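Chain nomenclature is as follows: A, B and C, assigned in order of appearance, with residue numbering initiated at 1 for each chain independently.
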Amino acid sequence: MTAARHTLADLAARFGLQSRGDGGQSIDGVGTLETATPEQLAFLANPHYRAQLANTQAGIVVLREADANACRSACLIAADPYVAFAKIAALFERAVAASPGIHPSAVVAASARVAASASIGPFCFIGENSGVGEGAVLGAHCSIGERCQVGAQAHLVARVTLVRDVTLGKRVLVHPGAVIGADGFGLAFDKTASGQGSWIKVPQLGGVRIGDDCEIGANTTIDRGAIGDTVLEDDVRLDNQIQIAHNVHVGAHTAMAGCAAVAGSARIGRYCLIGGGAGVVGHISIADKVTITARSLVTHSIVEPGEYSSGTPIQDNRAWRRNAARFKHLDELVRRVQQLEKEAKQ
Amino acid sequence: MTAARHTLADLAARFGLQSRGDGGQSIDGVGTLETATPEQLAFLANPHYRAQLANTQAGIVVLREADANACRSACLIAADPYVAFAKIAALFERAVAASPGIHPSAVVAASARVAASASIGPFCFIGENSGVGEGAVLGAHCSIGERCQVGAQAHLVARVTLVRDVTLGKRVLVHPGAVIGADGFGLAFDKTASGQGSWIKVPQLGGVRIGDDCEIGANTTIDRGAIGDTVLEDDVRLDNQIQIAHNVHVGAHTAMAGCAAVAGSARIGRYCLIGGGAGVVGHISIADKVTITARSLVTHSIVEPGEYSSGTPIQDNRAWRRNAARFKHLDELVRRVQQLEKEAKQ
Amino acid sequence: MTAARHTLADLAARFGLQSRGDGGQSIDGVGTLETATPEQLAFLANPHYRAQLANTQAGIVVLREADANACRSACLIAADPYVAFAKIAALFERAVAASPGIHPSAVVAASARVAASASIGPFCFIGENSGVGEGAVLGAHCSIGERCQVGAQAHLVARVTLVRDVTLGKRVLVHPGAVIGADGFGLAFDKTASGQGSWIKVPQLGGVRIGDDCEIGANTTIDRGAIGDTVLEDDVRLDNQIQIAHNVHVGAHTAMAGCAAVAGSARIGRYCLIGGGAGVVGHISIADKVTITARSLVTHSIVEPGEYSSGTPIQDNRAWRRNAARFKHLDELVRRVQQLEKEAKQ
């Protein structure tokens, strides 16, 4: 397979970017500033990497106008170099090999409807009253239960489970190991007179609705609603190992990094950024355009856009132990300072 | 499919509840206070939602006696409205379609024993010397290794893995992606004279025993013991993405919310509530009836029942940064206050 | 099956250990100090369990010389009893039943190359241009995409997914549910003039390279690189539910406990120990021989070996609430103390 070559002039024209340097300069792939060869295109978006500009061997660099003078390679100037890079790099993506049709090993229920242009991979199971839209691709080992709909051009990479009553919009991309539509964690404690008792399962009667252009990471779980549905609006992007509990509602264009978790019935706005490992407790609301930094825990509703955090900074363990021990008496410390202030006033 | 209708009088009689309103009032489903139609039953348990009582359109509301006067709909009075709702909602659960027998695509080892009334779904694999009890249901893609026992009426929804030496009690419910019985993380560092070295795997020779009526969430992992077994007593309820390490022992009726994690050989009591994302370090014990709030980390044994927490509250990022920076010098701050107190006494 | 018996003298000779007691004393299995019978061997490594030495029924105990006098059973003396125990316990491990060959239910692409001595289990799928080395074992339900290489003697226990462009070294052990080679979470926000916009996927063009003797836990996820590869050097040990983002580099002999997470392009040194649930943000470096305690979040590069921590200690909830509330005003408290100090000097 020979990779296609693209010249500076071609790329500038194709993506509507200004260029500096020899328009005939050509590349056949992408790299980082540090690793790119003269045959590759790199980009500078994160200022963290600006120092690498001086020594890059990249044939072409995509960058902001302000950085162009520091670059000896040919340049493409972009208001947002990362967006421009994303579009250019797509030229080099290897297509998924998926031809229309149902693999002979797959098991499809009699009442399921699979579009003729869809591709169903080896060992897929599709249950009763479910449907797969035009051009959708299900890789190996996908398990689709009852009453699920997979939207047109959706891509379930491999080993994705839709349990039941799950609807995926168009072009939804789901990575392996994701489980969508499992029972929410609904339990009522049935106490006996003696103070003992046991758990009763609360039936989970709702489904999951996922809008168009969403992405769901590997081993992420999204439970179906107890009553009504768990909802992701359009263009929600979830990284790996995220947990979305029953009846959560996530607004359009919100992105969550790996291992974030949202408890039941929480409502998250649009254009939010939820950092890696961050948590949101149940039954609260987060406004639009809120950023939660990594590992922070949101314990009450947030009504103003902005950036929010919790936790303590990392330190060498000995210093941390001393400080952490003091945290246990912080309230008392404040009272001692209050006492000193009172005495100072006298 | 026409949903069954149930009248107020019928429900009151069936579940032993008092009622207020027209006994002929009937419903054919359930909803929330906010979304229920006059054809649906709703409930009020969490005081957070009390204000919704005034405007609910629900045909029937299950609530505590103290809330009944504020409700214009027909009511069912329950000491614990959530328990009563759980029982009523079960009337509307759609049964899982599973007929007895082994799907022709399944692979069952010669020495495995599957009860005639059990249902084994497409692409299931059942290994040597394993057994599946009466009425048990294995959905698609379950993988059962050697020497495992699935109890009567247990339900493995789909794509559940029992690695080996795993015993599930009666009526255990396991959600997709759960992995029970993988190797515990046992490693010994074999140091060389130079201070370098490499890891040696500690054989994981035990199994996993899970009692009756337990529920195991999607993508939850429970490792088998190193020596002896990892144990969940009866009626333990685990949400999604929980990690239970080797040789952990969890007491009956304990529930853990999503993403909680328990390290090796920890022992957790009965009737505990472990919040979402909470952690328990290895080789410690937690007494009965302990509640750990979300994201807290338990680093030492807890001997008294009660509620325990760690962490800091969420704040806007700028305020948090200032406070977090001060935390790094908290011990020094205490010493400065001590100095001021000493000086004040002089 | 009769377990093999081993005498004290045999074990001492075989593993190069000193012994105390009757050389003819024999055992046929292992146990803990608390549970071992006279037919079993136990060990004492963690001082936490030293008190159990007095009452152990174990036939043989592996321990440090300093502990030997307190032990009434026959002893094997080891500089590192846990390492010695790991080697001895391996005598009792039950071999995985895997005979060479491809199970008739497996689907193997025409261009895939499977060594004759490899074992491919039921319902495995192996994609185009992938290879499986000599003696490798793939348990049931493994899904291997395009251009993957499984090293000689590697063991994919069951239901492991290699998405594409993944290379596993020799003797790599991967537990069920692991997903290696899914897309990294690369997104560029394409803002419109109005301040709205939507996400563009950044193509993930790299792969994953995993060295020899690595272990990957159940439901752990390792994404492939955006440009270039995500890399684990030799003898890296990952527990369950760990998230390794795109382009992370993990040095040889580093071990991470369950639920740890490493964000994109972070670089972790050799011989590091990353505690359970610990996190590392993206684009930073951690030196060799760094220990991060459980649940700590690393937010900046660490250049010195040592132990590092963040977080606050667990307390009863009422005390914690008071202290946590004060944390929100910690910066102000420091200013008040500064003011008192200023006044005291006057």
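One rule holds in what follows: a residue touches a chain if its C-beta (ideal position, glycine included) is under 8 Å from a C-beta of that chain, and two chains touch if they have at least 3 such contacts.
None of the values given here were measured: they were computed from a predicted structure.
Engineer: Interface check for copies chain A and chain C. Shared numbers divided by all numbers used: above half gives same, below half gives different; which is it?
Structural biologist: different
Engineer: Using CA atoms for the superposition, what rotation angle relates chain B to chain C, in steps of 5 degrees?
Structural biologist: 120
Engineer: Give, as an integer number of Å, the spacing between the C-alpha centres of chain C and chain A.
Structural biologist: Those two chain centres are 24 Å apart.
Engineer: Identify all positions of chain B at which a residue touches two or more other chains, and write them in rising order.
Structural biologist: 105, 123, 141, 159, 177, 219, 241, 259, 311-313, 315, 325, 327, 329-330, 333, 337, 340, 344
Engineer: For chain B, which residues are in contact with chain A within the complex?
Structural biologist: The contact residues of chain B facing chain A are 30-32, 35, 46, 48, 80, 82-83, 85-87, 89-90, 92-93, 97, 103, 105, 121-123, 139-141, 157-159, 173, 175-177, 213, 215, 217-219, 235, 237, 239-241, 253, 255, 257-259, 271, 276-277, 294-295, 311-317, 320-321, 324-325, 327-331, 333-334, 337, 340-341, 344.
Engineer: Under the stated contact criterion, what part of chain B meets chain C in this complex?
Structural biologist: 105, 107, 123, 125, 128, 141, 143, 145-146, 159, 161, 163, 177, 179, 182-183, 185-191, 196-203, 205, 219, 221, 223, 227-228, 241, 243, 245, 259, 261, 263, 279, 281, 283, 291-293, 296-300, 302, 306-313, 315, 319, 322-323, 325-327, 329-330, 333, 336-337, 340, 343-344
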